[in-house]
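Structures are listed in the sections that come next.
Presented sequentially are two complexes of chain A, the first with chain B as partner and the second with chain C.
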Partner chain A sequence: MDLLLDIASAILLLTGGFFVFVGGFGVMRMPEFFTRMHAASLTDTGGAALILLGLMLQGGLTLVPFKLAAIFLFLFLTSPTASYALANAALLSGVSTACRNETGAPLPENEVDSADSKPASKSVAKTSASRTSGRKTTAKQAAEQAAPKAAARKASKKAAKKPAGKAAKKPARKAAKKAAGKPAGKKS
Partner chain B sequence: MITIVFSLFLLTMLVIVAVGILRTDNLFTAVMLSGIFSLIMAANFFILDAADVALTEAVIGAGISTVLFLGALALTAEYDRSPPVGTWVPLLTSSALGGVIIFATLQAPRLGDPNAVVHKHVAPWYLDRTPELIDVPNVVTAVLASFRGYDTLGEVFVVFIACIGVMSLLGRVRPRRDSIEEDEFDKRTDNLRHHLIPRVVGKMLVPFIVLFGLYVQFHGDFGPGGGFQAGALIAAGVILYSLLEGGPRGRELVPEWFSSLLVALGAFTYTCVGVVSMAMGGRFLDYSVLSHDPVHGQHMGILIIEAGVGMTVTGVMITIFHAFSRRGIR
Partner chain C sequence: MEWVYFGTSIAILVTMVLAVVRGLIGPTIFDRVLAVNMFGTKTVLFLAVISFLSGRPDFLDLALAYALINFIGVLAVLLFFQSRGVRRDAEAEREADK
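== the complex of A and B ==
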């Protein structure tokens, strides 16, 4: 039984280490910001989760696996959020989404497509979604990017709209709440 | 052995990050790198078994000070200007100072050497007498709060005075906002309210951060923790909330008069414990007289002064953050 546990945890740890390695490798090799972020998010999700699982198996029936599970839950919630916030901030500040090769020339369109739609994991979908909606907002790239991925973009656009609608509602509510004039009267 | 390997790795990372901070022109990059620097430093402290310091470094260095730096950057420019003097003078100065430090480390005892001076001086006495005199498992807390209560009082006042300094620099000025409507005002404030995902997840974390802060506050007698760490953690929770919801809402949650009150109240509580122990026939900050049983008196004193420290630190962090966030609105 112990041996089985050890083997299982070793496999998990090695796979997790592999994910981390691939993530680091991807950050070095990927052509532009958003694909690099995709690679880095592998480290956060796959790598961290597998390593924590492997460590949990090593912990035995003590408090340790529960602490590790709490860390896992924390990472599970925060690291995708951090990735989202990072991608969103990059998008808003206008980081270039065009892929370039080593000489700095833009890659042909079909190559770009095959580069970022390899494995169908969640973070890929997220990354490419933010990329495409970024192209929508930055008008100069919208022209060259018109047809091929329009279907996929519909969904991402819808997702992008939602928070905006919500946010528009919020200040109104707050304005009503604060209309009592508390902040204005406090200091004169 | 493994400690040495980890420490070497982390110290190498520190050097790389430090060089990165020096070489970048973009101040935002420098701020982010300094946050990373603090996080690595916290890991290093933890490896050296200084969990208290690691907690503080992680919360303040990597968390709050990064936010404060960003707040400061929002008031100034994004890029570094070239320094008024050439590169030679700073290079010579820092090489000379670095040389002095390296020369000093040649005399330093080896890591974990049991014959080092610090382990021969008062430390054995503290370790010997803590169970008998104070009876808390965490000797660090005993030293910090009781044996060295004067020093800690001084630290609290340093934090207190630092807060006064920052407030007198940044002031409590209100931006010209009477003319702006509330909606417009919301739009101009930098906040994440328009971003649903960080807001939901972040707000989910805030209660746990504050709860952990309270745990660290009251668990300081038994494990790593105490007022400084707890104060920083609770303030970090409040600051996270303010970042997510915007400064005005943060100020609704913890009004400025309240955070300023906390600053003064914490230092006041600490001093009061000293005065009360004098009034009850002991010396200043001698907690033994606070109760019938000296050990119980020590427990009580430590609990109260840790609460005072926690209040002051929380108040200072929140006050400074509010000062920055309100200046950032233009």
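== the complex of A and C ==
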């Protein structure tokens, strides 16, 4: 019985370690932000569940499996919440979801650098315009180009699904009012 | 069983190193937040495995506390950056109106 438990927990632990490693590798190698989030959530679900279950089998009848179960429950409540908040914040500030441009060539990197003073919705204009003209557009021009597009996108997003986030509601409503005359871009 | 714990902790450590590298080179701020979140989750798992490797189950309390702190920290940082992105969009609209 002991041997059986050992074998089962060894299998669970090693599989969990493999999942964790693959997820870490994916976070390094994936081309853009949302695919990286996918890889990271692999380690949060598969890796954490397998490792914690494997440790629970080794705990015996003490307090240890209950503590591990508490960690398990807590991780499984919080990591989807954190992932949702992260994706929501990234989508709101305009991280590009494209990893290939129109011709099918892979983009080198995501161009949104939120750490500096550049406007966030620049990437829409940047991938099409300034990749050919070699970064001649200043930040202000890019913002002027991108702002109507961003407003239309926000309006269509608002129309598509009603329960938007609390922080998004006010600017989205304003943008929807403003972009009512313009043709809304893509309606999913 | 020791070698199993050892292998698992090595895998978790390698992943933590990869997460730190992604946090250092990540092009957007959200890549960095993702890397920090992942690093924290892996720290929880690492503490759990280490508590079995060294035979000291007290470490599990540390893991639990670390999970709590990690979650709150990530949410706080995200709220900060999310409101900053929305505010910047509003400023860009105001610029475009002029």
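Please note the rule applied: the second predicted complex is superposed on the first by the 101 of 188 C-alpha atoms of A that agree within 3 Å, B and C clash if a C-alpha of one lies under 4 Å from a C-alpha of the other, contacts with A are read in each partner's own complex, and residues count from 1 in each chain.
Just so we're on the same page, a contact is a pair of C-beta atoms (placed from the backbone, for glycine too) under 8 Å apart; a residue touches a chain by one contact, two chains touch by 3 or more.
This is a predicted model, so every value here is computed, not measured.
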| item | value |
| --- | --- |
| Broader residue contact with chain A after superposition on the shared chain, chain B or chain C | C |
| Contacts of A:Gly94 with chain B and chain C, given as first, second, both or neither | second |
| Touched partner set for A:Ile7, first chain B, second chain C, both or neither | neither |
| Which of chain B and chain C A:Met28 touches, first, second, both or neither | second |
| A:Val64 touches, of chain B and chain C: first, second, both or neither? | second |
| Contacts of A:Thr78 with chain B and chain C, given as first, second, both or neither | both |
| Chain A residues contacted in one complex by chain B, in the other by chain C | 78, 81, 85, 88, 167, 171, 174-175, 178 |
| Touch list for chain A against partner chain B, complex | 77-78, 81, 84-85, 88, 162-164, 166-167, 170-172, 174-175, 178-179, 183-184, 187 |
| Of chain C, residues touching chain A in the complex | 1, 4-5, 7-8, 10-12, 14-19, 21-22, 27-31, 33-35, 37-38, 41-42, 44-45, 48-49, 52, 57, 60-61, 63-64, 67-68, 71, 74-75, 78-79, 81-86, 88-93, 95-96 |
| Sites on chain A touched by chain C in the complex | 6, 9-10, 13-14, 16-18, 20-21, 23-25, 27-28, 33, 36-37, 40, 43-44, 47-48, 51-52, 54-55, 58-59, 62-64, 67-68, 70-71, 74-75, 78-79, 81-82, 85-86, 88-90, 92-95, 109-115, 119-121, 140, 143-144, 146-148, 150-151, 167-168, 171, 174-175, 178 |
| Chain B - residues contacting chain A, complex | 172, 174, 178, 181-183, 186-187, 192-198, 201-202, 204-205, 248-249 |
